[in-house]
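Below, each structure is written out as structure tokens.
Heads up, the next two complexes both have chain A, just with different partners, chain B and then chain C.
Showing the complex of A and B:
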């Protein structure tokens, strides 16, 4: 059993008057993949956006309760969001490379955080990140071409490389394969398997099969509540809750 | 008279709508056939057919009637012994005859004029009567034609669509033709100007003083006269003044407009945005003449005072004052357009930047602005063409003397101001001075066209990026 990396305690999220998360208590283990499943609008994405405070961007969003990384409270007004996001990277549902060159897409983060002061250091970071994202071989000869010109699957791996480039501890993935074809999806899943050796990964997914394939732990959300959480094998073979059973067998959602 | 006719035509043909509708209904019941379209389409068909030919006829008639009457009257007057040497005198006599007919002429009336006035009113009567008769004939013919069609159960829906399509086509044709007309009138007058003044003397001359251009006969110009003229129409000081003032305006408007656009799009809460955006856009609604006297009466003297207090000679009409106020006028164009393009940069790009730990200003500077840049350039270019075409502020605040200078404290002038100066007051239309206004207009038109084209290309390129 690995150690707990992220711990949420009575986490509530409100969008204006509407409550999106109700008292979520969820522990995420270090160097493991945790999958969050549940029907659309159930709060999975809202939950992972609490971990890197992306909800700050939304004006009307209010978060109460505690969420700790390595025992340090992050839902704190005085916390430096920039250094938090340096530690907690994120990959989004739709690939969103910047309209810049492939090289600039990767070097953007390190430059902002003052890493890689010389050109050769930056080159090295770019190469390392792209290799880790299994994209290096495909793009090494055209680093100065725009990132938006790559295929969907390549773009998503570029975004993963961008997240890796600042050397985070946690990577959040919000339905990273929902816009990709099966072959690109398989590549990303392979990559997730590889990445979990170095990073703690949280992945939101609508595909049960994907959750089974990539995760060690699974949480099931419904209507803003965490219904059940446990080892992936147990959740999919022998869930405790009737609702979980119904969802994974496709009776609703 | 014409208005009464139009009114009657419209009333009559509208009433045919109900007739057409009920008629086709009864036809379908009587003959037990299925109509090719809903009854209302037969109504529309009848309305369109009964009104359009008559209205077109009326329009064409009204265009040609005065011309024909005029030529007849002038000819009869000439036959009766009226003497006129050229077209202008003939026109004068015709106007006199018309005035006598209307009872507004108070000069001496000789027999020829009197006779002509009588025949004028006679012709007018004949023409009006025949107009009314012919319109009735047109309406009756077209109604009979369309009723016959309706009774044969024609495809009224398709026919109505065709007629409407034709109407829309004619409307757009009118818009295009008027534009072409304006361009060609500019072009022809400019060609006349350039037949007197060498185009290179115009484009590269550095002295603009068209008031010197007194010549007896533009068609037979002597070499000595031309030497006088060749440096009276130098375009360079005008384009220099125009670009200089536009440059000062952009120097004011681009940073302020862009920054306020960024603030509106990225920082302002929706409440602030809701209140302040309309306020900024009110700036665009202030008439330019108001900006003009603000520049001339407040800002200009203010600069002169400051200049005096630090020992500089500042003209009270300065390029600086005009440019500054023009810049303020342009701010809302840039701010609201760049606000729009910044808003249309997808949120996902910002999220991607925040997610690697960039701050808001880093995100804006390195991701949002570069992504929105083509659109921002487009908005700036549109603003530039607005600045170049602006007249009133410059007339009032920058002076009229065509100085070739880069000192913003001196007075200078622009293309549009000079066009105004040339065309106010009494003008002879065949002197190069007046024609130079058309040449200036053409040059300005071409310059603005090029800028707009570039701006639209930039905006288009931007659109392709995120669609």
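Showing the complex of A and C:
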């Protein structure tokens, strides 16, 4: 049994008057993939955005309750958010490389976090990150070309390489394959399988089949509440909650 | 299955699959009734019809296979739908095997003499009636998704085992009286064994139904009666 890496206790999120999450209690295990599923607007993205305090940038957003990473409360006012985001990387739905070269896309993070002092250190980080993201072989001869010139799938792997360049502990993925074709999706999924040996991964997905393929644990959200969480196999073969069953079998409405 | 699918045609495809299994089940049941009848009455005229009905059952099996493949590809069923799909596959396999056994029993009628003593057949007849009842009950539990009834069938196979033993004994007793009876007695022993095997397939079906309903396999080992060692 893996150790718990991230723990949320009675987590509530409000956007102004509207409550987006209601008392969410969810444990995420270290070096495991947890998939979060649920209809649009159910709060799954809001939940992962709490893990690296992305909601801080939204003025009207208020978070109550706790989220702990390795037992340390991250909603603490005194917590250094920049170093939190160094530990908790994020990959979004649409690949969003910086309008810079492939090399600079990867080296940017380490540079601002003071991780690569010399050119050779940065070279090494760029190579290691691209290799980990299974992109190295495809781009090694054109590192100075713009990242935006890559295909969609490559761009998404570039974003993953960028996320892992600063050596995070957790990677949050918000529908990372929804803009990709099946082959690019397969590559990302294979990559996730490899990355989970090193990182704790949380993935939001609308594809049930993807959740089954990549995750060990699945949580189902509905209207801001965590309805059911359990081993992925159990959730998709024999969920306890009727609402979960209705959702995954396409009977919602 | 409570709520309906958002996609109506998915709903219809699943229902069509279940209906096919039910129809296949009812064909298998009548074939078994006919083959038992043929043995007890030593009715050689009905053999061909029974053999032919097995073709029908086999056709159903292929049809169900195709339906399942299509469902898997088209819908990637999950949870209860996945269990419904997989249990249809398993149940149709067991029904097909039961059909084979009934066909095999019908073929055994051919070498039987017309004047078989009644005491020789009475235990076989009781066994046949019990297995037919078991098949009927298990199909009923499938139609009504009745977990308790399926489990009851599963437990009752013990009686099939016991009765098989008794029926075997009576044939062997008869055989030991006169070696001349060897030929057709052997056929009756095989027919008895076939019924016992059909009983085992019925318990498989019961297990599939229990899994379908609750999503977990029946716990513990099934009660077993006296069995003839193979």
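Here are a few things to note about the model shown:
Criterion: the second predicted complex is superposed on the first by the 252 of 253 C-alpha atoms of A that agree within 3 Å, B and C clash if a C-alpha of one lies under 4 Å from a C-alpha of the other, contacts with A are read in each partner's own complex, and residues count from 1 in each chain.
Please note the rule applied: contacts are C-beta pairs under 8 Å (C-beta built on N, C-alpha and C of every residue); 3 or more make two chains touch, one makes a residue touch a chain.
These figures come from a predicted structure and were not determined experimentally.
Taken together in the superposed arrangement on chain A, chain B and chain C fit without clashing. Of the two partner chains, chain C is the only one touched by A:238; chain B is not.
In the superposed model, A:209 lies in contact with chain C only, and not with chain B.
In the superposed model, A:249 lies in contact with chain C only, and not with chain B.
Centres of mass aside, this uses C-alpha centres: at chain A, the angle toward chain B and chain C in the superposed model is 130 degrees, to the nearest 10. By the document's definition of touching, of the two partners only chain B reaches A:112; chain C does not.
Counted by residues of chain A touched, the larger count belongs to B, out of chain B and chain C.
Distance between chain B and chain C in the overlay is 33 Å (nearest C-alpha pair, rounded to whole angstrom).
Residue overlap on chain A between its contacts with chain B in one complex and with chain C in the other: absent. Every residue of chain B that touches chain A in the complex is listed here, in rising order: 269-270, 346, 348-359, 362, 366-367, 370-371, 465. Contact residues on chain A toward chain C in their complex (touch as defined above): 208-209, 236-239, 242, 244-246, 248-253. On the chain C side of its complex with chain A, the touching residues are 2-7, 10, 76-83, 214-216. Residues 52, 54, 57, 59, 81-86, 89-90, 92, 94, 96-100, 108-109, 112-113, 148, 159, 162-163, 165-166 of chain A touch chain B in their complex.
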